[in-house]
Structures are given as structure tokens and as C-alpha cells.
Amino acid sequence: MEMKKVVIKISGKFISPLDEPLVKEYAKIIDELYERGYNMAVVVGGGSTARKYIEHAPESKSLKDFIGIEAARLNALLLSLHVKNAIKKVPKSVNEVLELMSSGKVVIAGGMQPGQSTNAVSLVLAELMNADMVVNATTVDAIYTEPPNSPGAKKLSKVSYDEVKRILESSGWKQEPGRYELFDALSLEIAKRSNIPIAVVYGGDPSNVRRAIVEGICGTLVTS
Amino acid sequence: MEMKKVVIKISGKFISPLDEPLVKEYAKIIDELYERGYNMAVVVGGGSTARKYIEHAPESKSLKDFIGIEAARLNALLLSLHVKNAIKKVPKSVNEVLELMSSGKVVIAGGMQPGQSTNAVSLVLAELMNADMVVNATTVDAIYTEPPNSPGAKKLSKVSYDEVKRILESSGWKQEPGRYELFDALSLEIAKRSNIPIAVVYGGDPSNVRRAIVEGICGTLVTS
Amino acid sequence: MEMKKVVIKISGKFISPLDEPLVKEYAKIIDELYERGYNMAVVVGGGSTARKYIEHAPESKSLKDFIGIEAARLNALLLSLHVKNAIKKVPKSVNEVLELMSSGKVVIAGGMQPGQSTNAVSLVLAELMNADMVVNATTVDAIYTEPPNSPGAKKLSKVSYDEVKRILESSGWKQEPGRYELFDALSLEIAKRSNIPIAVVYGGDPSNVRRAIVEGICGTLVTS
Amino acid sequence: MEMKKVVIKISGKFISPLDEPLVKEYAKIIDELYERGYNMAVVVGGGSTARKYIEHAPESKSLKDFIGIEAARLNALLLSLHVKNAIKKVPKSVNEVLELMSSGKVVIAGGMQPGQSTNAVSLVLAELMNADMVVNATTVDAIYTEPPNSPGAKKLSKVSYDEVKRILESSGWKQEPGRYELFDALSLEIAKRSNIPIAVVYGGDPSNVRRAIVEGICGTLVTS
Amino acid sequence: MEMKKVVIKISGKFISPLDEPLVKEYAKIIDELYERGYNMAVVVGGGSTARKYIEHAPESKSLKDFIGIEAARLNALLLSLHVKNAIKKVPKSVNEVLELMSSGKVVIAGGMQPGQSTNAVSLVLAELMNADMVVNATTVDAIYTEPPNSPGAKKLSKVSYDEVKRILESSGWKQEPGRYELFDALSLEIAKRSNIPIAVVYGGDPSNVRRAIVEGICGTLVTS
Amino acid sequence: MEMKKVVIKISGKFISPLDEPLVKEYAKIIDELYERGYNMAVVVGGGSTARKYIEHAPESKSLKDFIGIEAARLNALLLSLHVKNAIKKVPKSVNEVLELMSSGKVVIAGGMQPGQSTNAVSLVLAELMNADMVVNATTVDAIYTEPPNSPGAKKLSKVSYDEVKRILESSGWKQEPGRYELFDALSLEIAKRSNIPIAVVYGGDPSNVRRAIVEGICGTLVTS
């Protein structure tokens, strides 16, 4: 099952130089996939850079979101400098996303809008480019029935959008703002309305992204 | 209870020339409030213009949202041409919103981002400018316990964010995409996280906006 | 007589969702021509959307023109979303036109400047890209010696720029502002100064555009 | 007859450093008028700089116009650096003109669009800001019944738009492209449609501009 | 000796959330000075954020400079969110600096151009706004005859541009790229060509900036 | 020794229409090299246009630099209009340079920043694109041991960065601001830090540029 149009969401943890940056490794894989004919958009989270700046931002939640978005954009820019086939401009609005996508190059984005996680942005981009799938390279290797380190947590190889929503709500697997490592309600809603499969993989090993895209192997596949 | 920083959300129905435009009347009130010292941002919905363009847009939900956003921006621009104290530029990103707000003039926006209603945008702007309230000039005169034209529907003069959410979910008072005339989940979430009161008024009479802002009189006040 | 560089002017009537939009049909033909090697720019009129917004704009003629231009741009954007090989950005100045043209993709524009019709814009673009011809897909099928529905009106298969000017002036075939469906003085002047042939075809059948470009068949050919 | 909103058109001859630049003198007068409460926009022609660059531009008429516009913008920028109350950005589109005008500062523009002289731009700006008059500081001191240096030429202190058009057309007082020192057809058309008086003065003495604005004294007044 | 136009250069160390951010304290002082009538531009260094991102950037020196500049801009944005009277846009070119300065608000910049330190940027801004002085809030309290922690180092209360250059060159007080905490050759050259006094103060106490501006007290004053 | 990535610096003297413009000849060579597979950026000096505008600019050195930069950009734009494979937009910041370079087309720049010569800009661009060499098409045919027209001046076929610096400083071969025809300190510093060879050729014969790039023949080669 080879796919042609893909959005890759990479947790800020693996891009921000304040965490465990795997920027070069990700750049190499993105260029390799590009040269094999994949059409890609990439969304990068803010990681510790975002959290540090949010901490020192004014009280307003939207301003905090905003500086977090700008930090994610700095990560996106860093990644774009390493990706040979990427546009060296991080879009700030959907208008810019659409314009940059016209080039056929890899578009690398950070956040977009207060009140919207970078996960949601990856789904919006998937809709805009009519992507075949989203790969979510995150800090866990899969979705579990309960928080991963709970005793009874079971790994799910396949799960529906609604089921993920139910798990997140009911299990107490609380996700705080600025830390929506997996999903927020809006992401799931967009995925569902457009029926976009999401492959969850552990981002600490960038080759998992290639595996998900090329071989269809992932920790959890979220579908309708 | 006079308030100084206000966001006014106007339903596209009262601005789009395809509906019942009250552009001049709204412009007059906004200028009057500006000259009385109110600091304002205005968000305009897309109305029938948005719906017409959405109907002829490609299938992608985000592209449909996007053309709807651009239609809302056309309404915003139209309004801005009538408001003496408005900046004649409709922002396309939060970066632009913040930049334009620095001017001290009235900023008039349409939508921002696929997956986010103009109602949500009005709450984001309220957070960004640390507004004292949002006035939602909409197609109903208040929030009711059930859809307004249901037999047992009772008007609520004051209601909590959570209660509104419960009403919207349970009562079958379904709101379709492109028609979130009142609220969507994200709007309520942002209002709640920053504790921003929302005054719901009937937008068909623009003076209701002044009344809500200057005298504190509205159909329904949504608070924590 | 196959031509390589072409500007297509489409009457807003066939793009605006308020009229009889043939957006998908036009998009298909533009993509087809692009894939056959044609280098194209497209200019879209404002149609009823423009007229509706103009009606509710402030009194200033230039502001009315301006909102009409923005409406034409909304139509241009709508079309660009359907054209696979188009840049998803509608230019607002000649600087942007030139920049976008560098990409080799189809550039789709609306109006540019108060006091200048979208017909004139199509001729300016033709000069900028050194186009071989302009196809004007309009609401009549050809130029006539008198207004088309006059008793003695005769269809002209070929006519000079000066003759068109004379016809428009003398015959009482008056064209009102916002309704320059065929030509205004400036369009003819630019066409003449650069000797650009204009093929007039009926836009209600998009295949007429292909026929004019590929086979050289049109209602009227305006040349020197 | 003191006027409040004014557009000043200055011939490139008096701003371009290749001619007889009076930049500092004009800047002083503009600042003085600004401080006396006048709301102003200024349009600067290209002068010899434009002509030199046009000469070396590619053959396309629109590209020649375009480089001439950019040369006029360089003159506009030079002037703006001297005017204390001017925005240090030269607008490239009507959208930018409107945005910059919101600031209340003096907006200084060069040309806008191929096929449109800087004279026409000054009239468009006059419409946009609802100006009370346009002062045209040009290379002649007034409009004459025939080309100024003809034997029978008579100076006109007041003349109608139509009469000017007739004079330009009939008298052989030909004006070549890039040299519309006085008027082109479009300028007159816009002036007429919005009934904007144009005061023609000799630009070689910048104080003539102040005299026209403050005292209402000019070489020729063109009105309806 | 009260001064009216001032550029404040703040070491990234005191703004970046990765170091010892004094953002709120600086914001307060800037707002206070603004309200007392000072016209200010502020330049913020990149601090540890810059160094972290530079470390993970590609090998090209200019790309390293570039990501360092973007990191400094993130610091500048963070500061601007706290300063009530600042424009919430960080300029990316001199054109933007000049445009934003027209507003009369505080302009806060990070770096501009590879090969140019934020110190040099502060001097360029000083020239652009014709500033009376630059205050350099840095990591040392003054300029010394030798590196501050050398045994024979003597504090200089006043020193010439040439003398500073000589000290930096001869004393082995080497400053590495990305660490020009005090001065680089270009900064001194610009300061000298325009004779702009530079007050060096210890940035760890933000009130030193006010003291330098209002009372003229500083660690070292660099003049001609 | 064929090279693939090249930056060409052309003295304004050979582009500005006020001097001896060889625009068409340069355009032809650039297009030819592009079609042979060279990846190029071009930087154009301001020439007499810059000097004329600088002369009439306000006193501030940075404002003088700035108007000189804008004049160099006008030259760059003129050249870009003639180069078929060039982007018709002159970048104003490094961000724009990087964005435009993503296109694979020829990017043509003028100056960037006050305090930085167009020579320095050419070296920054060389670093950004990791160029194999810079060709400096200048007003002399080579670097000499003393000012070219001194009696004992000897032509150097190869010379080190440090030696050039020494020559410029010691020989009294003074270069004034706005006239850094050959090199300034910053250019040499960047060339040295990234070890970029600079081929100096006489720009009055554009074919020298091709010869330097394709055959490796030049007046002087500056290397480490």
C-alpha cells in the first residue's frame, strides 16, 4: 500500500535543540521520500522551546499559544534548512500554505493559530492537499487503552476516531495544553470528517516514519 | 458597568450583501463607540456569500472552509470601508492581527483558519487583546433551553459556558458547519479558559450592540 | 495556428456562484491546455458578486471599484482552487504578477486597480508575458456592428481595434462601469500598442476557449 | 477657501536626482501643511530616472511601464525620507494605499499599474480619500488653449474637464507615453466622474503648491 | 542631559528564557520611558536560544547566522508582547524597520543579516532614527583595559571608539562569533562615522538602562 | 574545473542606465549558463543611480546607504526583466533570499542592509547557497599590488584573502563608501571564514564572467 500524498507531524521533542533533536535524521528521510516521489507537508511541534517561551509570556492564553506557535516555527525553520527539497519559508496562514504548496516542494510548518494544536494543523494540511495519510511521529509508540504506563494498558494496532476520543476522555489520560502530544478533539474531528488515516509511530526513531509511509507499518492506525 | 475593550462578532447575515446587510448602521455604531473611547476588534461571519462559494468549492473540507473564510474577509473589508476609524486591511494570520492592533484603530477580521469558526476567532481576539467582553450579534435574540422555535423553549438571561455546551449537545439543537451561528465547542472552551463574558444579542438591530456594551443589556449573558 | 502563450479573460458571469458558475468546466480546460504545453494567465471578472458588493460600498467610485476588484479576486481564488496547475494566490499588484509568473504555473488574477477593468488587466498581463493572444470569454458570442439584439446587427468575424472603438462609441452600444463585458477604451489601446490579437468567444460554453486557442476558431478576431 | 484633504502630484522632473530635484523644498512644504492640519497623499512621477530605465528595459510596453513605475517609486521613497510625517513605505497596490492611509500620516506613492500614468494614480488616490482637490505641480505653469510655446496660445485660468480633453485631442498638443506631464484621458475621466477640482501649478517653485492649497491660487483650475 | 531618541541593545542573556530572562522588568522600564516621551528602538540578542539553534544548524556560516537571527527575533517578539507601547511585529529588513518606525511606537528588533551582529544592528537603527545615544545593556558592567577578569584590568569610565577597537584587538580579549557581547568592528565603525555615543551598562539590572538614559550614568561611555 | 553553484557580483557601472549598461549582454550569459546547468545568484551594485540618489538623501549615513540599496535593487530588477530564468522579484531580506532560492531559478539581488556593501552581500549569498565560487565583475581587470594606475602596480593572478586586506589597507588604495568596487573588510572576512574563492574579472566585457565560471580563467583569483 504505497501512498503518494502524506503529512508528517513530528513532535517538537525530536526537533527542538532543547530536547533530543533528530533534525538531520528527519531531514534525510524527508529528502529520500521526496526523491522517491512522495508529495509531503511536514508539521513540527514546539517542544521544550515552546514550553520555555510560554512560561515567560504574558498571562493571556492566546498570547501564550502565539509565542508557542512562533517557537514551533523556529523548529520548522531549523528542519527546513536541513531538508534539500524544502521551501525555506515557514507559512503563517493558510493562504501561505496554499501558495507554498503550489511549488511542489516540501512545505514545513509549525503552528498556525491560538486554540489549535500542531496536531490539528497537520490534519488541516492533510485536507488541503487531499493527503492519503498523516503520520504522527510522537513520544509514545502507539495508542493504548489507558495511559501507556498504567498497569492494564494494552497497545491498539488499529482503532477508530471515536474510540480514541472515548479513550482520551474516559481514561483520565489527560492531556494538558501545550502538551497535546497525541490528539486533541479538533484533530480527531477533522480526521473523521475527511476520513484521513493517522499512523501513530514513535518519533524517537525517524525511520519509523519511512516504515509507516512506505511499508504501511505503524504502532497504531487510527481510521474510521 | 462600562467596558473598555470589546470584541464584536457580527453574523455574516447582517453584513453580506446577499442577505440583509446593515453595514452602514454597524459602521456608525462602531465609530461612535470608538470615539467614546472603546477599544474594539470586530469579527464578521461569511453569511450567504460564504455559503454560495463553499457550494462551488472543491470537495476538500478545508478548502471549503478556506473559501468561506475568504468570503467572510470580503464582508469584513466591506465593513471596514464604512468604518472611519478602522484599518482598511483584513488580517490573515494572528501575526497580522497583533501588528494591526498596535495601531489603536479598529481591526476588522473575517475567518482565520479551516476548522475554526468566526465565533472561535472572536474569542481568540478577545484573549489577544485581553477584552472585557465579547458581544455576539447573531440571528437569534438569546440562548434558549431548546432550539428557539421549539414549544417548550425558554429564554435564558444568564447561563454558564458548561450549560451552553450541554444545551447544544443534548437538545438536538444541531449546528451545521458553516452555520455555527451561536457557538461551537472551541469558542466555549476558549471563553471558559479565559473567563470572557459573552453577550448574545439579536444582530438584526445594530443598536443592540451598543446597548450590550454601554448599558450591559443583552439577550443572554454567558459567563463562568 | 497553435499558440503558446495565452491570456484567458473569463466573464465573472461564468465564475461567480451568484450567476451561472462553470468553474469546474473552466478548470478542466485550463489544466488540459497546461498539460499540452500552453503557458497561461487567466483573468476573472467580478460578475454578480462584484455588483452586489459595489452596491453596498461607500459612495467613492474608487472604493466601489476596489470592492469590485476584491470580489473578482474571490472568483479568481475559487477558480484557482479547482485548477491543479494554478498558483493558489491571487496577485494584488504587477509586482506579484511578475513574481508568480516566474513559477511557470498558471496565474489567475482578478482586478488590479480602480479605474481599470479586468479586460484591461488581461491586456496588461498579455504584454507582461508577451502573449500570442487574448481569449475573451464573454457574454456575447461575437462583436456585432450594433448592439447584438438590434435588428440590423451583423456579426463580425474579424475587426480592427479602431473599428471596435468606433462601434462602441458611435452605435450607442453603451457599456456601463462594472459592466465592461467586452472592451473599454484602455483595453483596446493596449491591444493596439502591442498588436495583440483578441479572440472573442461566448463564455457560456467553456470549450469555446479551447477551440479559440487550439484551433484558432472564435466569434470575432480583433486585430490591427 | 481652505481645503482639508489634498492629493499633490509632483512631476518627476522636480524629484528625480537626474533632473532638478527640489526634494528638500517639497518635503518642507508637505511637513508644514501636515502640521497645519492638512491630510495629504502625494504622487511622484518618474522623471529622467524613469526614462533612462525605460530605455534599457525589454521591448514589452507593460514591462517598460513597470520599470518606469519602479523608478517613480524610488523618487517617492527619496521624498518620503525627507518628509518627517510621511510613512517610509511606498505602496505597490491599492490595498497597501488604503492600509497606509489608515495611519493618518502622509502616504507618498509612485506609479501603480502599467497602462496608468502617475496622473491617473493621483486621481484614484483622491477618490479613495475623498479629497477636496488635486494639485498638479507640473512642468508648465498652466493649461493653454494650444501647446504653451505656440504663438496664439492663451493661458486658461479656469477650464472644464471636457474642454481640457478637447484641447489635448484637437490641438496637436500630443503627449507621449512616459511624458503625460499634464493629463491623460483616464485622469480626466476619473476627475470628471467624481468632480474633483485639479489645480495646475508650475512645480519648479514648490511654494506654488502651498499657495494652491492654502490660498486657492493656481495657474489653471480644472473643474466640471 | 536628558535624551530624546534612544536605541537600547539588550544582551540575549537577559531576554532568552533559557538564560536569566528579565523580560517583564525590561518591558516595564521601556513603557515607563515611552510614557515620559522617549522615542525608542530596542534590539535584542539571541542568547542561549540562538546558541542552541546555531549548534544544530547546517554547516554554512550564513545559515548559522540566519537561525541565530531568527532566535533573536523570537526573543524580540517575547519582549514586544510585554511592552504595552511596542509594535507586535519584529522587522526582517531595513524597509520594515523604517515602515514600523513611522508609527511612533517602540520598534523591537532582533538580528537582520548574516555577517552583522545585533550590536551592529543597534547602531544602524541609531543612524536611521538619528538617535542621541545607544545604551548597550550587556553582560559586563563596563569596558576594561583588558578582559574584565584579568588581574590588571582597569575600568574605563569614558573611552574613544578607536581606543575600544585597539583594546579589543590587542588585549587578546577575543570575542567569538555569536558572542560579540560588547562590540564588533562594524559596530564601532558605524558609531564613529555618525558620532553616536554608546553607554555600556550591566544588563542584569534593567534599571541601569533607565539610569543611563535619564541621568546619563553608565559603566563606560564610548564617544569620539 | 567546472563549477556548479556560483554567485556573480556585477558592478553597478555595467547595469545602471546612467553608466554603460550591458544589461542585455549579461542577461544572455546568465541564461546561457542557467541552461547549461549552473545554479546562480546574482548581486548587482548601484552604480551612478545609487550615487545620484545618495547625494540627495538626508544626512543620516544609514538612510544614504538605504537609498543606495534601493537604487541597486532597481538595477537588479532591470536585469531580472531581461533574464528569462530569473525570478522577477528582488529580495529585501535574507528570509526572502532563502525563499526565492528554493525555486531553483536565478535570484537577482541588490543590496540588503546599511553598513554592508553589495560585495559583502554576494559573499553572504555564496555562503547561503554553499557556492563554489564568487565571480566579481568589476571596474578593474584584476587586483594589483598597488592602485592599478600607480607606476609600480603589478597584476596578481592569485592572491590570499589576507594579502588583499593588507594591500587595501597599506597601499593607500583607499576605497570610499558607496564605491567599494572591489572589496571591503567584511567581504574578505566572510570569504575567508568559508573559504570561498573569488574570481576578479573586468565587468566591461560580460563574456569574462562566462570564462571565469566555465574555463576558470580570471584576472585574479582570491583564495585562502
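Per-chain numbering from 1; labels A, B, C, D, E and F assigned in written order.
One rule holds for everything that comes next: a residue touches a chain if its C-beta (ideal position, glycine included) is under 8 Å from a C-beta of that chain, and two chains touch if they have at least 3 such contacts.
Everything numeric here is computed off the predicted structure, so don't read it as measured data.
Shared contact partners of chain C and chain E are A, B, D, F. Chain D and chain E carry the same sequence, and matching their CA atoms takes a turn of 120 degrees, rounded to a multiple of 5. Interface of chain A with chain B: the two copies contact each other largely through the same residue positions, with over half of all numbers used appearing on both sides.
Centres computed as Cα averages put chain A at a distance of 37 Å from chain E.
Averaged C-alpha coordinates put the centre of chain B at 42 Å from the centre of chain E.
In terms of their C-alpha centroids, the spacing between chain B and chain F amounts to 54 Å. Shared interface positions of chain E, defined as residues touching 2 or more other chains, are 63, 66, 95, 98, 103.
Interchain contacts (touch definition given at top) occur between A-B, A-C, A-E, A-F, B-C, B-D, B-E, C-D, C-F, D-E, D-F, E-F. Across the interface of their complex, chain B is touched by residues 95, 98-99, 101-103 of chain D. By the touch criterion given at the top, residues 17-18, 21, 23, 49, 52-53, 55-58, 63, 66-67, 70-71, 74, 77-78, 81-82 of chain D touch chain F in their complex.
Chain contact summary for the complex, chain E toward chain B: residues 86-89, 103, 105. Per the touch definition, chain B reaches chain A in the complex via residues 60-63, 66, 69, 92-96, 98, 112-116, 120, 123-125, 127-128, 130, 185-186, 189-190, 193-194.
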